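What follows is subunit A paired twice: with subunit B in the first complex and subunit C in the second.
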Partner chain A sequence: MSAELERRGLPTAMISALPPVALELGANRVVRGVKIPHPCGDPTLDAATDRLLRQRIVCAALDGLSRSISEPTMFEPG
Partner chain B sequence: MRVVHYLNQFYGRLGGEEAAGTPLRMMDGALGPGVRLNELLAASDAAVVATLVCGDNFPSEQPETFRSGVRQAFEALHPDVVVAGPAFNAGRYGLASAQVCEIARQLGTPSVTAMHVENPAVSLHRRDLVIVPTTATASGMQTALSTLARLAVHLAKREPLGPPWVDGYLPHGFRRVELRDAPAAERALNMLAARLRGESFQTEIPLPEITRVEPAAPVADLKTARLAIVSTSALVPHGNPDKLRQSYSTEWRQYSLDGLSALEPGQWESIHGGYDTSAANTNPHLVVPLDALRALEGSAYGQLHPAYFVTAGVGTPVSAAQRMGGEIAAELLKAGVQGVILTAT
Partner chain C sequence: MRLELASFPVSEVAFGAATRLDGSRLEVSRHDMTQAVAHPAIDGVDLEVIHPGESVRITQISDVVEPRIKVSGSGQVFPGLLGPVEAVGAGRTNRLSGLAVLVCGEVPWLGASGLFVPRDNFLDTDARGAEFTPHGQTINLVLRLGFPAGHTHEEYQRAVVLAGVRAARTLAAVTLTVPDAPADVVMRDLADVRPELPRVLYAYQVQSQGVFMRTYLYGRSLDELLPTLVHPNELADGALVAGGLGGGAVKLTTWLHQNNPIVDGMYRRHASEWNFGGVILHRGHYYQYEDKQRVALQVARAAQLLRADGVIFSLGGGGNNITEVMLAIQACERLGIKTVLLAWEHAGPAGADYPLPFAVPEAVAIVSTGSMDEPVELPSMQRVAGAHAIRTRPEVGGLPLAVDGPLQLPSRYELFGDANPVGWQRTGCREY
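Coming up: the complex of A and B.
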């Protein structure tokens, strides 16, 4: 789906817990997610720490959206 | 063994495109590439007893005359096997060759044809006919004729063909259970060892072709950009009011985030059939990070599009995913969205 969105001109940052798979299958901007059932955070952390983690993941996605790239690229949450 | 060969007007030495309307005719013995085919068949006591030649346009301009003509020829000649082509990438010739093989099949006569894998006749007939893959141009004529001769003899003798990768024809897409000489673990490790040594190996599961898409230009100005969330996590309003399918999903839904600064557990649930949804149901932000996006809205980026798009990404056929991506893209572009954050589970 992300490949198709990009094809139509919409830069798409995909948050995925399996970045190599996402990159292999055609996603161009991939952010490393935490785990498959919870890519955007970690329920084992306390609420505040989890929220901070989520912000870092989303910021990596925003970073990916604003960068010009020439090939499938992974963006690590800071 | 009696072989009947089918050629178009060009290979049948009647002329080029100007002769494409030539009606079906029957000639004694072999001609054109059939001469070489005949030589290859001789070793197995087989011979091209007659050649059917027809202009490329005739089968589509006069289909009934063509079909009955071919049928009558086969009934008069009683071949043990019919060989059509090779047609390479010639579409009309490939389609005619396939039709000739179909007619043979209906009469209970084995047949084989050869053409390039992208010939339109392949997608129509690959499951029903024995088709030898060839080069796109006649540069591969000799190889094609050798394979055609070999398979023609097998088929004429009514011998079952071996697997496609052994006998050199396009797979029909059937799976047959067979005993291998080594257990799967051993075969897998041998493949891995070959791969690590940089040697070639034959995969048992060919992966589908993935077409790469050129990355889209980045969001021009993130600070003012309108962004949207799309998710394959199947997070939907509690109760799944629009009945999104939990797997093999081929549809998407959209829900409003207007006025929401957070996703309350209990008001949303993930109906995904492919991952443990308990974490997402307790805290939906773990799959749809609305809280973080709201916190950054107006500072790190412009605005969050009020519609959220969702499907269940499990067992989704690639073609469906592409279609859904296209449909969602159309909605987003209409709404002036400039970038997407897609969460996958």
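Coming up: the complex of A and C.
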């Protein structure tokens, strides 16, 4: 999906629990996610801490989208 | 650790007053089977026998088990599930060859979703569908369990596992009192080696992540398994049991653990072409990349400590478990250990997409066990054993698929045995 969207000129950022797999399959901006069943957060944390984590992950994705890159790049949530 | 596997072939099964073997004719008591499967989470069982040559579509299978029983040597078959945790794999074990117990039934969907529901399936005993499964050639004793409301999936799953292994051992017990000698006895012993031959291990991946995809070793769930070592004879004695509810293509049944064709092949040329060094048992589908890396390094470390020259890998189930295996292959190759992988193809209906979701450059020797995605046409069978419609598409809440007539399936997920991870099928390919 990421490759198809980019082919049509839309930059994408992929939040993935398996970043090397995403990079291998041609995603250009990959954000490290938490775990396969819940890449964008962590339900084992208390609600407030989970919310902060989710914000960091999404912000890393938005930050990645706003950067010009020349090769597949991984972005770590800050 | 020498095992004698003694085969008593069964050519005919009929229901009768008692469970007994007369030559190769097995009589099965319905009462004995009903008692064997009895469990609080079960309300009754329908029994049916299907012989090779019949044209039947069997639906909603959770497991297949081969009847076996230990005659001598420590422990008993299916250790830890039936009886105490005692080491198995030595002495003598009897099997009823040509007979398979199929544990079937419509397990309730209790509001679970996505991958985590009992996945319905079917197998055909004749025509095209029979190419994908050994059970077109076995006599199939179908135990169709009834699942009353008011229980959890864990309870249904426990009932399913115990039903299969109890029925299997009850049936195999007939061999203890027959006057006939077994038709053949196979000796299995890793001890005799020729030092000049390469040492080859089998890295056996299984699936264990909750009630719908679970495997047991000596009766303990492998949901938390990090790589461990087993002796292949332990597999023959049922130390490894498949316990998941339902399951589609690429599922490993207990029957396949007992009759693993890779283990058979490695034994066949043990001490003639290679020395079979043992089995590294591991699971895939870990949810974090770091855990997959841990699995990989431990598989490679085990291979290194056992002084392997080569390792054969197979997959347990489908999906992101390819990652553990690929990382393990990379780790082995970097230690100078050669690898071969048996893998399904997941390249879409036309086979034009990437066949594997993940690969490493070191994986240069891969054997395809078939496609998970290729559309397939199956003719109608003469009858259906079980529900006439199976539940598909759990991710959208479930859609019934009628299986009475001919089928044109857009993919193969419901075809039990397709792209079989240990290579048990009779399909091949042609290069153009």
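The rule is simple: the second predicted complex is superposed on the first by the 78 of 78 C-alpha atoms of A that agree within 3 Å, B and C clash if a C-alpha of one lies under 4 Å from a C-alpha of the other, contacts with A are read in each partner's own complex, and residues count from 1 in each chain.
As a convention for this text, contacts are C-beta pairs under 8 Å (C-beta built on N, C-alpha and C of every residue); 3 or more make two chains touch, one makes a residue touch a chain.
Fair warning: this is a prediction, and the values are worked out from it, not measured in the lab.
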item	value
Partner chain in contact with A:Pro19 - subunit B first, subunit C second, else both or neither	second
Which partner reaches more residues of subunit A (counting touched residues only), subunit B or subunit C	B
Which superposed partner A:Ile36 touches (first subunit B, second subunit C, both, neither)	both
Touched partner set for A:Leu5, first subunit B, second subunit C, both or neither	first
Common ground on subunit A, meaning residues reached by subunit C in one complex and by subunit B in the other	17, 24-25, 36-37
In the complex, subunit A residues that touch subunit C	17-21, 24-25, 34-37
Footprint of subunit A on subunit B - complex, ascending	210-219, 222, 225, 227, 230, 232-233, 275-280, 282-283, 285-289, 291-293, 295-296, 300-301, 311, 313, 321-322, 324-326, 328-330, 332-333, 337-345
Subunit B partner contacts - residues on subunit A that touch it in the complex	1-17, 22, 24-26, 28-29, 33, 36-41, 43, 50-51, 54-55, 57-59, 61-62, 65-73
Contact footprint of subunit A on subunit C as seen in their complex	285, 287-289, 292, 320, 323, 354, 357-359
